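What follows is a pair of complexes built around chain A, which joins chain B in one and chain C in the other.
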Partner chain A sequence: MSGARLGRLLVLETRTFLATPLSVALIIALALISGWAVFGGTIRTLETRAHQAVALEQHAETWAQKRAAFIDLQAGRIETGMFVNPARADLVVMSHKAPVVTPPGALAPLSAGPAREGNDIIAVSMASRYGQQNETIENPTNRVDGPLDLIFVVAWLLPIVLLVLSYDVLAGDRETQISPLIASSGTPLSKIVLGRLGVVFLATFGVIGCIATAGVVAAAPLDQLVHNLPDLVVWLGSLGLYIGFWLALSASLNARLRHAAAAGVALLTIWITLSLVTPVLAAQWVAVGAAAPDRLTYVLQYRALQNDLAERSAEVRETYYGANPERRPVRGPFSEYEEYFVETYYPRQVVLDQVFFPHAREIHVRQVAQARRLRLAAFLSPPLMIKRLTDDLAGFAPERRLAAFDATEQFQAAWRERFDVKLASRRSLTLADYDDLPTASPVSEAGAVRLVRAITPLGGLLAGFLLAAALAWMRLRRAGP
Partner chain B sequence: MLIAEKLHKRFGDHVALQSLDLRVDAGEVYALLGPNGAGKTTTVNCFLGFVTPDGGRVLVDGVDPAIDPQGARALLAYIPEQVNLYPQLSGDENLAYFAELGGRRTTAAERRSLLTEAGLQEQAFDQRISGYSKGMRQKVGVAIALAKHARGLLLDEPTSGLDPSASYEFSRLLEKLALGGVAVLMATHDIFRARDVASRVGIMRGGVLRRELPASEISATELEALYLGEMA
Partner chain C sequence: MLSVARRELQLQLRDGRLAIAALLLLLLLSAATVVGWAQYEKGEAQRVRFAEESYAQWLNQGPKHPHRAAAYGMYVAKPETPLAVFEPGLRPFAGRTLWLQAHSNAAFSHAPADDDLTASPGLGETSGAALLQLLGGLFAMVLGALSVARDRETGVMRQILAQGISPRRWIGGKCLGLVAALLLPLVPFAILLIATTAWAAAEGAVWAAIGRTAAALGATLVYLLGLLAIGVAVSAFSRTSRGALVVVLSLWVAGSVLAPRAASLLTLRIAPTPDAAVYASVIRDEFNGGYGERPGWDDQLAALEDSVKAEYGLSSLDEAPVGFSGLRMQAMDAWTNEVADRHHAQLLATYDRQQQIRTVLSVFAPYLAARAASHGFAGMDWAHYQHFAAAAEEYRRAFNVQMNEAIVAGTRGQAWEMNAGRETWALAPPFTYQEPGLGWALRAQWPAVSILVAWLFGALGLLAFAAQRLRP
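Moving on, here comes the complex of A and B:
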C-alpha cells in the first residue's frame, strides 16, 4: 500500500472515528486527565525549583550577613554576646546549614516518583545532614492520597482507553455483519485494521505526547530545554511503543474473534495480567533477589549507637582530640553550651557519621540493586517498563539518590575539613574563613548516564511491541470476514 | 468474466459444492436459484475469495481469488442479503467510506447521484443509518456497488426485504448495469425476480447445478414448476 493510499485510509477512518461520540468523549477525557496530571506535575516541578533556589539564596544571604557582622565586629561597630559572636566558629559554623540540591529530572512533570524521598534539598551542617522529609514512603496515606501523575495515567489508565477504542476494531464488524461488505471492497482487512488502529494511535499519542511535551517545556529553564530534549525523545518513543503494543494485541485478537465481547474480555484479561498480576510477581522476584532496605533496623541501630556514644562521651572526646593535636582547645569555653557542643556533641556526631553512615548508604545501595532488578523484571510487563523508564527519566532513579547521598557526604567532609580545627580548638575565625567557602554543586547526571539506564526498559518495550506486532501481522494476513 | 470450473467445497461432512461449472459473461445477468443450503452463497463466496475451494477453481476476469483475493475483489462489487452499515454514519457518509475503501474517491454530487440512482429518497441521504429500514440500507448497498464501477456484480438475495416497487426498480438497475457490460451473478430464492431480470437461470440443489436454462425461453410459471420439480 502506497503512502498516499494509507494517508487517505487514515483520513477516512478519522472521519468514522470522529463520528463516534464515545471515541471522541474518551479522547477528551484522556486529554483532561492527562492535562490535569501534567499541570500538577509542572507546578510541582516549578515549586521544587523555586524552593531549591530560595534555599541556595538563603544560604548565600545568611553567610553574607555573618561575614558583614564579622567585619562590623572587627571595626568595633558591634559587640559580642553569649550567642552572638561572628568570630566564634561554634556560633557561626556549627548551626549553619548549606543546601545540597538535586534539581528536578528532565521529565519531572511526568512523574511524582515512587514516593517522596525528600532528597530534593539536603541541608548540610558541620554536625548533621538530612533531607526535608515531609513525606516518606513509610506514611501509608502518601501512597493512597498521592499526587496524580501522568505516568499513572499512561501506565494504567491508557491501556483501558486503548482497549475501549480498539477491542471491536474487526470483531465488531463481524458481529454486525458489516465485515463481508468491507472485505469485498478490495482493500485488505489487515490494512483497514491498520488504518483504524492508526487513528487511535495518532489520537492517543498526539494528545498525551503534546501534553507531556508542553509540561516538560513549561517546567524547564530555558538553558535546560536542549539538555532535556533527548530524554523527551526517548520517552515519546517509548510511549509510541507502549501504545503500539496494546493496539497490536487488539489487532491480533480481532484477526480471529467473531464477537466483540470475546475480544474485550480477552484484552481485559491480558490487561489484568500485565498491569496487576505481573507487577506483583515482579515485586516478589525483586524482593527475593534484592532485599528491600530494612529501615526500622537502621533507625534502631542509629538510636543504639547514639546511646552508646552518649555513654562513652569522654572516651569519644579523647579519641577525637587525640587523633589531631591541632584540635586541642587554645582557650577555655565561654559557656557550658560552647563546652557541650564543641567538646561533646560535635565529636560524637563525627563518630556517629563514621560508624553509621556506611549503613545509611546501604539503604540507597539496596534501592539501586532493587531498581536494577526491577528493570529486568519489567520485561514481563510493559506497564511496569514504561513506569520504570519514566520514573528514571523524571529523576527518581535510586542511582541519582545515591549520588546525592555521596555528594552530601563529600560536601560535609569538605566543610568539616575547613572548619573542624577552628571549631574544636576554639580559635577565632578570620575574614579568610568567610571567603572561598566549599560549595556544593547541584547533583546532576550526565545525559548519557540517564539514557544508557533507559536502554533496558526501552529495549523491553521495543521487544514487546515487535512481538505483538509480528503476531498481529501473521494473524491479520489470514483474517477473513 | 465469472467462471467456475469443477468447483468442490466441503464444510466438515457437508458437501457444499460438487463439481460446479458456471460461466457468467460480461453483460449477462445470471440468477442462481435454490433452497437454503443449496450452495448459492458458497459459490458467491468462492468468487469473493471468502471461501477457498477444495477442488476446481474460480476466475474473475482471469484472476483466481484463491491466489489473488484482493485482485479479484477489486474487479467485483458485492451486495449481501443483509446490507449492514455503520450506524453512526449517514447513508452519504457510509457511501463515501465504502467507495473510498474500493479505491474510488467521490464528490458529494456524485454520491447524491448514486444514492438517487439506487432509489434512496433525498431526505434520507444525511440521516444516520441507525434510522434506516432494511430496504433503505439495501439501497445504500446498491449505491456502494454502483460507486465501485466494478466489472462483476455479486448479489446474495438482494431483493429480500425490498418492497415490490423497490424490487422492480432494482431489476431495472441490474438490466442497466448488464447493458453497460457488467457480469451479474445473483443468488436468490425469488423465482419471479429471477425470471424478470436474468438472461440465464441456474437451479442448484445439494451443491450441484441441476439445470441451467435461458430465462427468456420460459415463463415464470414454467420456471416455478421446473424449480419445484428439481426440489422434489
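Moving on, here comes the complex of A and C:
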C-alpha cells in the first residue's frame, strides 16, 4: 500500500473516529484524568522543591543567627547561661540539624512513587540517625489505593480505554455483516484494521504524550530541562510500545473472533490477568527470591546495641578518646547535663554508628535487590513494566535511595569531623568554626545510570510489543471477512 | 418464577465460560487466603517475639537515670484478628509499631510498604477480600449484563414474553438463578473461611472471630448482589449485550478502580492530614508559648519553682527535701500531655472528617463502603489502629509517671543525676491490649453497611423499573 493510500485511509478512519461520540468522549475523559493527574504531579514536584529549598534556607538562617550570637558574645553584648553559650560546641551543634536533600527525579510529575511524607529531606546532626523512627500521622486509608498519578492512569486505566476503543475493530463489522462489503473494496482487511488502530494509537499517544511532556517541562528548573529530555524520550517510547502492545492484542483477537462481545470479554480477561493477577505472582516471586528487609529485627538489634553500649559507657568513652587523644576534655563540665552529653552520649553515638552502619545500609541494599528482581519479574506484566520504568525515571529507584544514604553518611562524617574535637574536648568555638561549613550537595544521579537501569523494563516492553504485533500480523494476514 | 430461576441456573452452568470464571475466582480467593494465612502467621509470630523482646530490653537496660530509661522506652505492636488472613486491610500502609517513650505521643512507624517493594500499591491485589470485592464485583456485573440483552439478541425474550409471562416475574426468576450461580463458588469459600478464622482464633475469641467473618462476608455479599442487580438492569435497558458490557465495564472501572484513588485525592484536598513535622513544631511552639490563658513552659516552670519554695519554705531549690528535677519532669509531662491532647483532638477530628468524606463518596461508589466495612470487621481499619494507639498512649503516660516519681524519690534539691535499676523498670508491667468487640466494629461501620443496603434496595428498584419498561 502506498503512503498516499495509507494517508487517505488514516484520514478516513480519523473522520469515522471523530464521528463516534463514545470514542470522542473517552478521549476527552482520558485527557481530563491525565491532565488532572499530571497537574497534581507537577504541583507535588514543585512543592517538594520548595520544601527542600526552605529546609536549606532555614538551616543557613539558623546557623547565621548562631554566628551572630557568637559575635555578640565576643563583643560583650550578650551573657552566657546554662543552656545559652555560642562558644560551647555541645550547645551549638548537638541539637543543630543540617538537611540533605534528594531533588525530585526527572519524571517526578508522572509518578508519586511510594508517596511517603518528608519531601526527601534527611536531617543530619552529630547524633546517630539510625534510630530515627520515620513516624507518620497520615491516615493510611489515604495511602491504601495509591495516588492518582499519571502512571496509574497509563498502567491501569489506559488499557481499558484502548480495550473499549478497539475491541470491535473487526468483529463489530462481522456481526453487522459489513466486513464482506469492506473486503470487496480492494483494501485488505489487515490494512483497514491497521488504519483504525493507528487512529486510536495517535489519539491516545498524542493526548497522554502531550500532557506528560507539558508536566515534565513545567516542573523542571530551566537548567535541568535538557538533562531530563532523554528520560522523557525513553518514557514516550515506552508509552508507544505499551499502547502498541494492547492494540496488537486487540487486533489479534479481532482477526479470529466473530462476535465483538466475545472479543471484549477475552480482552477484559487478558487485562485482569496482566494487570491484577500476574503482578501478584511477580510480587510473590520477588518476595521469595529477595526478601524485604526485616525492620523489626533491625529495631531490636539497634536497641540491644544501645543497651550494650550504655552499660559499657566508660569503656566506650575510653576507646573514643584512645582513637584521638585530642578529644579528651581540656576542662571540667559546667553542669551534669554537659558532662553527660559530651562524655557519655556523644561518644556512644559515634560508636553506635560505626557498629550499626552495615545493618543500616543492608536495609537499602535489600531494597535494591528487590527492585532488580522486580524489574525481571515485570516481564510477566506490561502494566508492571511501565510502572517500574516510570517510578525509576521519576526518582524512586531504590538505587537512588541507597545513593542518598551513602551521600548522607559522607556528609555526616564531614559534619562530625568538623566539630568532633571541639565538642569532645570542650574547647571553645571560634569564628572560623562558624564559617565554611561542610555542605551537602543535593543527591544526584547521572542520566546514563538512570537510562541503563531503564533498559530492562524497556526491553521487556519492546519484546511484549513485538510478540503481540507478530501474532496480530500473522492472524490478520489470514483473517477473512 | 422458580422455574425461570432453575432454567437460568442450568443455562449458566452449561455455559463453560461461567464455570471457568467461577472456578478461577474460587482458585484465586483460596490462593490469596493461603498466602494471607502464611503472612498472618509469620506476622503474628514476629509481633509476639518483637513485643516480648522489646519488653525484655526495657527490663534489662541496666542502671541509668529513669528519664533516660523512659527516653529509651519500649515498643508495642498491634495484634491482628484471625480475619486478617482474608482481609489485611491497612496493614501494608499503617505502621506496625509504636515507640512509647518519654517526650511525646506515639505515632505509628515502620509500615511494611516503606521497606518492602512488593507491598507497594499498584502491584495487583493480594488479599482475598480485595479480590472478592474487585473481581467478584466484575463477575457479578458481567453475569447480569449478559443475561437479558443476550436473550433479546437471540429472540428468546420475545418467545418467553409471548407466552404471557410477566416481565417482572421473568426478570425476578432470572435474577434468582443468577444469584444462585454467583453463590455457587462463594458459599464453599465462605464456609472454609469461617472455619479457618474460628480455628485460628485464640481461646475465648472463637465466636468473635466467627461473628467478624460473617459480618464481613455479609457486607460483601450485599455489595455483590447490588452489583448483580445493576448488571441485570443495565442489560434490560440495553439493546445489545455489547452495549451492556461496555456500560457495566465503565461503571466497574469508575466505581472500583478510579473511585478509590479519586476518593483519597478528594479527601486529602478537603481535609488534609497535617504534615508530621509541622504538627510536631506547632505542639513545640505551644508548649513554649502557651495558649489562651495558659502561659508557656518557662512561666509555668517559674511558677512551679516559686510554689515549691513556698511549700517547703526554701530560699533556694537546692535545699528542697525532694528531687525538684523529678517534680519538673512531672510538670513538663503534664503540660506536654495537655498541649498534645489539644492537638490530638484536632487530629482525630481531621480523621473523622476524612471518614465522613469517604462515607459521602461511598454513596456514589459503593465499593468504598464495601471495603470500609470489610476493613472494619477485620479489625484492620484506621479506627481499630487508633483504638490500639489510645490504649498504648495510656500505658505510656502511666510508666512515665512512674519514672518521674522515681526521680522525685531518688534525688534531692536540684540534682539531676541518679541511677535506678531493674526494680524500677519492672514497675511498668508488660503492655496488654484488649481488641474491641464485634459490637464496637458494628457501631463504627453502620454508615457503610447502611449505604450498602441502600444501594441494594436502590438497585432492586432500578431493576423493577427496568422490568416494567422491558420491551423485546
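Convention: the second predicted complex is superposed on the first by the 458 of 481 C-alpha atoms of A that agree within 3 Å, B and C clash if a C-alpha of one lies under 4 Å from a C-alpha of the other, contacts with A are read in each partner's own complex, and residues count from 1 in each chain.
Just so we're on the same page, a contact is a pair of C-beta atoms (placed from the backbone, for glycine too) under 8 Å apart; a residue touches a chain by one contact, two chains touch by 3 or more.
It should be emphasised that the depicted structure is a prediction, and the values quoted were computed from it without experimental measurement.
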Contacts for A:20 in the overlay, against chain B (first) and chain C (second): which applies, first, second, both or neither?
first
For A:184, select first, second, both or neither according to whether it touches chain B, chain C, the two together, or no partner.
first
Superposition-derived comparison: chain B or chain C, residues of chain A touched
C
Contacts of A:478 with chain B and chain C, given as first, second, both or neither:
neither
With the two structures laid over each other on chain A, which partner does A:176 touch: chain B (first), chain C (second), both, or neither?
first
With the two structures laid over each other on chain A, which partner does A:258 touch: chain B (first), chain C (second), both, or neither?
neither
Partner chain(s) touched by A:192 [first = chain B, second = chain C, both, neither]:
first
Can you list the residues of chain A that touch chain B in one structure and chain C in the other?
none
Contact residues on chain C for chain A in the complex?
17, 28, 32, 35, 46-47, 50, 53-54, 57, 60-62, 64, 72, 75, 77, 90, 92-97, 99, 106-126, 131, 134-135, 138, 142, 146, 240-242, 245-246, 249-250, 253, 257-258, 260-265, 267-268, 273-277, 279, 347, 351, 354-355, 358, 375, 381-382, 385, 415-417
For chain A, which residues count as touching chain B in their complex?
8-9, 12, 15-16, 19-21, 176-178, 180-188, 192, 480-481
Give the list of chain B residues in touch with chain A in this complex.
48, 50, 70, 73-74, 76-78, 80, 82-86, 88-89, 93, 96-98, 100-103, 105, 141, 144, 148, 154
Interface residues, chain A side, partner chain C - complex:
22, 33, 40, 114, 116-118, 133-148, 151-152, 155-157, 160, 164, 168, 172, 260-261, 264-265, 268, 272, 275-280, 282-284, 286-287, 292-293, 295-296, 299-300, 303-304, 306-307, 310-311, 336-337, 340, 363, 367, 370-371, 374, 384, 387, 398
